[in-house]
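Got some structures for you, see below.
Consider the two complexes below, in which subunit A is the common component and subunit B and subunit C are the respective partners.
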Partner chain A sequence: MFSLLQIELFKISRRPRTYIAFAAITAIVLIFQFAFKADGESYMNLMLQNVQDSFDLDKSKAINGYFMCYIILNTLLVQVPILVSLIAGDAISGEANMGTLRLMLTKPYNRSQLLFVKFLAAFLFTIFLLVWIAILSLFVSLLIFGADDMLIFRVKGDESQILQISKDDVLWRYFAAFGYAAVALTVIATLGILLSVFAENSIGPIVATVCIVLFFTIVSNINVPIIDKHVKPWLFTTYMVGWKGFFYIGIDNEGQPIKGSLENWPAIRNSLVILIAHIATFLGIAFYSFQKKDILS
Partner chain B sequence: MTPIIEVNQLCKSFDRFNAVNNLSFTVNKGDIFGFLGENGAGKSTTIRMLLTLIQPTSGSIQLFGEALQQNRKSILQRVGAVIEKPDLYKYLSAYENLNLFAKMSGLKLSKDSLMKQLDIVGLANRSHSKVKTFSQGMKQRLGIAVALVHDPQLIILDEPTNGLDPQGIVDIRNLIIRLSQERGKTILVSSHLLSEIELIANRLLIIHKGEKVVEGSVKSLLDPAETIIKIETSDNQFAIQLLNKWKSNENIERKENEIHIKMHKNDTPFLIRFLTENNIDIFSVKHVNSLEDYFLNLTKSDTHVQPFTN
Partner chain C sequence: MIKNSTSLLLLLLLFNQQIFAQDINVLLANIKTKMSKIKDYEAEGQMKTKVVFLKLPVAAVKLYFKNPSKFKLKTSKGISFIPKGAVNVNMNSLFNEHNFTVIDAGTDNINNVKVRVAKLLPNDDNSNLVLSTLYIDPVNLLIIKNKTTTKENGTYELMMNYNKYSSYGLPDEILFSFNTKDYKLPKGLTFDFDDQSAKNPLSKTNKASKGEVKITLNKYSINKNLSDEFFK
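On to the complex of A and B.
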């Protein structure tokens, strides 16, 4: 089984498309960092235009490595599912298209083992991608912009809020957020693998995965009460942004942030459970279908 | 004779279409078994069932005396296969592809062993070229190297000469014969060309529309005594009258511009002499085995063909 996984990772590592994801992320992060280094103050002015009178902030300190990472993640975690789809959507259908699936399945492994290894390889690819994002957006940003207290801007209900997290209370939140993102992106990977089981070329499942994610994301962003209540709870994309919950710090009765606390841990936990249930469901259907499938490619 | 493949009343339906219907046959140890049928006859479906790629609707398959479905893993360790056009991983070299499939078979082969395998199929000098630069014939040979890498006892080759140039066809044919003679492999090879199979196989099976037409040894099925001699003469009607006195009626048939005479191939010179001595000019003489004739009829038309009787 381990040698099978090694083979899968070897194949992924030798395909040029693998590096498209890493190159795209590198380019986006570097552009962000350059833009904020050159003119971050304009961005801060825009963000703070409604609250400038109420708060006295040192804008030069507000743009720090932690803040940069948060801004970058907000953008990237919409794009990364597309990159994960490129690999996951190709997992089985790509082999079928190349004519290697039938060869693989005549080797002395059962189909469940092969599919599980495909899943593990897609999962590891997702982890590598997230580690790369973490290195670039967190650690390189800390090198360029330094470390300081982190400011989070958010809209809660009708009001805009600024949350301040002490710099020695941030790092663990990032580790937790990246862990959460790994689970969320694994949902995309399993969806890609599931669709890949039914196809005989990789374009279909890749495009289908991306379309589903985009469609669900768009619907998840429609802020209409009826959709909030009846549609959003059924869309896995609603829970994919749950990583932000790790930066919503708990506040005491006097409005002061409580170090090491989370505003709503049960909500994060429930979102995680729902995402894991999606992974299990998608994988279950994929295993069942792959087991029964006649290989005609 | 030890049976290596035993197929009993195998059926496969896709929706309402019966791709394979009640098919039974046996391949014995050391056989080069030709599996013949026109395109769409059900050869690939049968082969895929032998390799567990397709689930049979009903019937049973035993390989090496064991039930395939129940002992899939241990059986497949002893089987190597090339199914249709093996494209392999185009972005990897021949050596990397072979190494990868060796590992998938649970083997850690040295560089020398892998190069030796590539040498057997004549690809040692292109071992580090990417497969995307290979011709179809080279891919086919690499596919065979992949099928052989774990030294299987049974080799299944589905249309291995498809898309090859004449030299490629000869190379594959020689390779199959060498594998059987020098390494004692049991080989099942499918084709839609009888001429191809009769050059390599010792036994053959013909299927048509998913059903068995005939199974037996090539020697008996392609017996020279069952040759059809097709001749074109200056006066076919008079020739037939003469031939009817020489041979029994049932062996002589007029078909368009030709006369078909079923007789031993070695009697051809006597036939020619007999006709020319009776002042009949002969424009052409062709030899076709009765099985070959039957097979040609199968591949020519979609109409119902009566079962073959030798």
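On to the complex of A and C.
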């Protein structure tokens, strides 16, 4: 099965669309870094608003590598799932379209093994993409902007808050956040694979995955009480931003951040469980459907 | 023996009355003389910020002062939110920077200390300072409380506790209160993760428009010929 995985990874690496994802990420991150280097103060003024009337703040210190990475990850919220679906949506339907699916299943591998390898290949692609994002948005940003305390601008219910996390308390949060993002993007990968099982060409499942992600993301960000209560909990995109929970630092009774703490770990853990449940459900349906799939027509 | 004690008591009462009866200008002049012993100082301590929308860690701070009115408050590391009126925590600057007309506003009681109240009106019409009210402990020649109203940055209130450096008129603890405007980001701008914790009713009751900064100073280095570099 390892040789099958090697073949799958080789096939992914030979496709130009794989590199479109890496090129797109590189371009977006570099543009952001350039823009913030040139005029990051304008963004900071927008976020600080009238806080500047009461406080003096060294804005050049606030725009640092850690802050940049957070801003970039926030922006890539919609783009990265689209890039993942480019690969995952093609997994089975691409083979069916080229007529190689039947050929592959004549080899001494059963359908479950083939689908599992397809999933593994899509998962590894997602991990490579995340590592590339981490290198560019975190480590390159740290090289360009340096390291300092991190400011988080947040709307919590009816309140807006500015959280400050000490420099030496940030890095582990990024590792945890990237780990969470890997799980969140794997949901997209499995959704792409699931839709791919039902199609005979690549375009359909890729477009369908992208549309579902876009629609769900838009609905997840609409602030209407009835949607908040009855719709959002049922959308997996609501939980995809759970990585931000690692940056919501715990606060003591005096209003001071507690180093190394999380404001609401149970909420992050529950979101993680829901995402993993989605992966299991999508994969389960994909395995079941692929067993029944007619590969002769 | 009884006669001696009665005389002593009478003397103390007389002294006490004299202190509270002395001219407010003389009292302020005495405080100014006491403070003029300080040519410069560097102080180290911690700054704790309590503002409803700001969640900031306790910051290590350094205060620098050089005669007549150079003053700087810096954090030793990290990003710092320094309140705009923080310069007012330094009483030395207040006396050296402005010329005042002083109004005697009587007496008051702060933390069981009987204080004299002096209202300082700047003579310069263009001064940013509108009014400064000082609550003075006339026995120890210490400013316990100060309320300052400025044109640009609103009203500030200072409460000061003295201990080791009271002979110089330098506080060990400063509680700086000020007004803040409400901070509101548009919903949806930050794509936040809703962890349901906002449903906690505490978050509503915490709302206030007053901010507080508590500066606890552990160590002063006085009259060490502080370089001008610190004020850049």
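Everything below uses one rule, namely that the second predicted complex is superposed on the first by the 292 of 297 C-alpha atoms of A that agree within 3 Å, B and C clash if a C-alpha of one lies under 4 Å from a C-alpha of the other, contacts with A are read in each partner's own complex, and residues count from 1 in each chain.
The definition used in the following text is that a contact is a pair of C-beta atoms (placed from the backbone, for glycine too) under 8 Å apart; a residue touches a chain by one contact, two chains touch by 3 or more.
Quick caveat: nothing in here was measured; it's all calculated off a predicted structure.
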item: First (subunit B), second (subunit C), both or neither touched by A:Ala267; value: second
item: Contacts of A:Asp294 with subunit B and subunit C, given as first, second, both or neither; value: first
item: Superposed model, subunit A: greater residue contact from subunit B or subunit C; value: C
item: Residue ranges of subunit C touching subunit A (in the complex, touch as defined); value: 48, 50-58, 77-84, 86, 153, 178-199, 203-204, 207, 211
item: Complex contact set, residues of subunit B against subunit A; value: 14, 48, 51-55, 72-74, 76-77, 79, 81, 83-92, 96, 100-101, 103-106, 143, 146
item: Residues of subunit A defined as touching subunit B within the complex; value: 3-4, 6-7, 10-11, 14-16, 98-100, 102-110, 292, 294-296
item: In the complex, subunit A residues that touch subunit C; value: 47, 49-51, 53-58, 61-62, 74, 77, 148-149, 151, 153-164, 166-167, 221-223, 228, 232, 238, 241-245, 248-249, 251, 254-257, 259, 263-264, 267-268, 271
